[in-house]
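Encoded as structure tokens, here's the structure I'll be asking about.
For clarity, chains are labelled A, B, C and D in written order, and residue numbers in each chain start from 1.
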């Protein structure tokens, strides 16, 4: 299913419940952050090794899937409201980051400043 | 572009820079939360009305697009690592939420417990 | 009660339960962020006006108090582990911000860049 | 310096700049979350071992102190606005958690549900 189709489904879900009025960008950003907080809570006390194996436990795996879904729902909703194409934004950002992090300078650089993204 | 194609592009970006070793689920969740923090900073002092018009200012609009892209990149990356299909997870969650929030009970309910998602 | 006394109490609470091993700075920062996520969830769908009156409802007031406590507990714990004095750090930051935001330039400036803090 | 004295200082800082109007509970919670996001960014790519030694590098140590200060400033400000005593709230919460997590049941329990706090 395309991103725009998912957004359409969510839009309809919201419209039917008359929740549109709550979905301004401030509120949706808060809701997005709240969901990410729930994902953090799943991982916070796990060792890196335990975190990598989190999907092997069916109960936790289901929780993780639900939280990822919740995060994506609010991200889709927010970008729908702001009329930002997520696909285009990501592709633009990758081009931007290719310039910012040339392979020969970034390769395996183990500093904390080594990121996937640019400020 | 399909979600799986975006994930493939990001995977390749990471592989070329040998950043795979940093991308465990704990770290990626922290990075995702850090990006959401940057989006919060854009909106934090705006009134709800100003927040709705944020895309009318080209400078802020570009910032918003970049932050949405950063958030999506880490969400794609994390779900790729955890082998969760974001499309499927969202569709499952919407079905779940349709039961949890039946239209006749949820319509326009203006409480703080009125959410798009379920705990 | 002094900040250092609160930290001592929390340290003892943790020691008795043998939870010290989970409390490294990464984990504590994640836990802090998770608690802030719960506070965001309380406020996310409220209008600014409703948010201001949140302490008038005893049930929500209690939730808010609990979340503020949780956030403070992890902040105290983290700064204890990192041996940072919160009082001193705040006082240093206020001096820093006084230079960064001189009154005559900052007064009532209604831009989104108008912050209490400096990057 | 007492918590209430720190709050008084911050209140005065804000009053002089006429920033009071931005400081409603929604906005302050967003600002608090934004600052926690900056702290997450410091730790996100560090190994647990590196994270423990973060204060040994003077540049990063200063960043950490500044972020902890920013977080505390907004927490102090928010609790001041909501008229919540942070000391009392923490002490109440610790009593609550002592009941919730009796030592004999909680000792060294290495599950992800093992937390310092209660939902």
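In the analysis below, a residue touches a chain if its C-beta (ideal position, glycine included) is under 8 Å from a C-beta of that chain, and two chains touch if they have at least 3 such contacts.
In this text the structure is predicted, and so the values were computed from the model without any measurement.
Both subunit A and subunit B derive from one sequence, and where they touch, over half of the residue numbers involved are common to the two copies.
Interface comparison, B-C against C-D: more C-beta pairs in contact at C-D. Mean C-alpha position of subunit B lies 24 Å from that of subunit C. Centroids of subunit C and subunit D (each the mean of its C-alpha atoms) stand 3 Å apart.
Annotation for subunit B: residues 22, 26-27, 29-31, 33, 35-37, 40, 43-46, 48, 114-115 touch two or more other chains. Chain contact summary for the complex, subunit D toward subunit C: residues 1-3, 6, 9-10, 13-14, 16-19, 21-22, 24-27, 29-33, 35-37, 39-40, 43, 46, 48, 51-52, 54-55, 64-66, 68-79, 82-84, 86-87, 89-94, 96-98, 101, 103, 106-110, 114-118. The residues of subunit B lying in touch with subunit C in their complex are 26, 29-30, 33, 42-48, 50, 60, 111-112, 114-115.
Residue ranges on subunit B touching subunit D, taken from their complex, read 22, 27, 30-31, 33-38, 40-41, 43-45.
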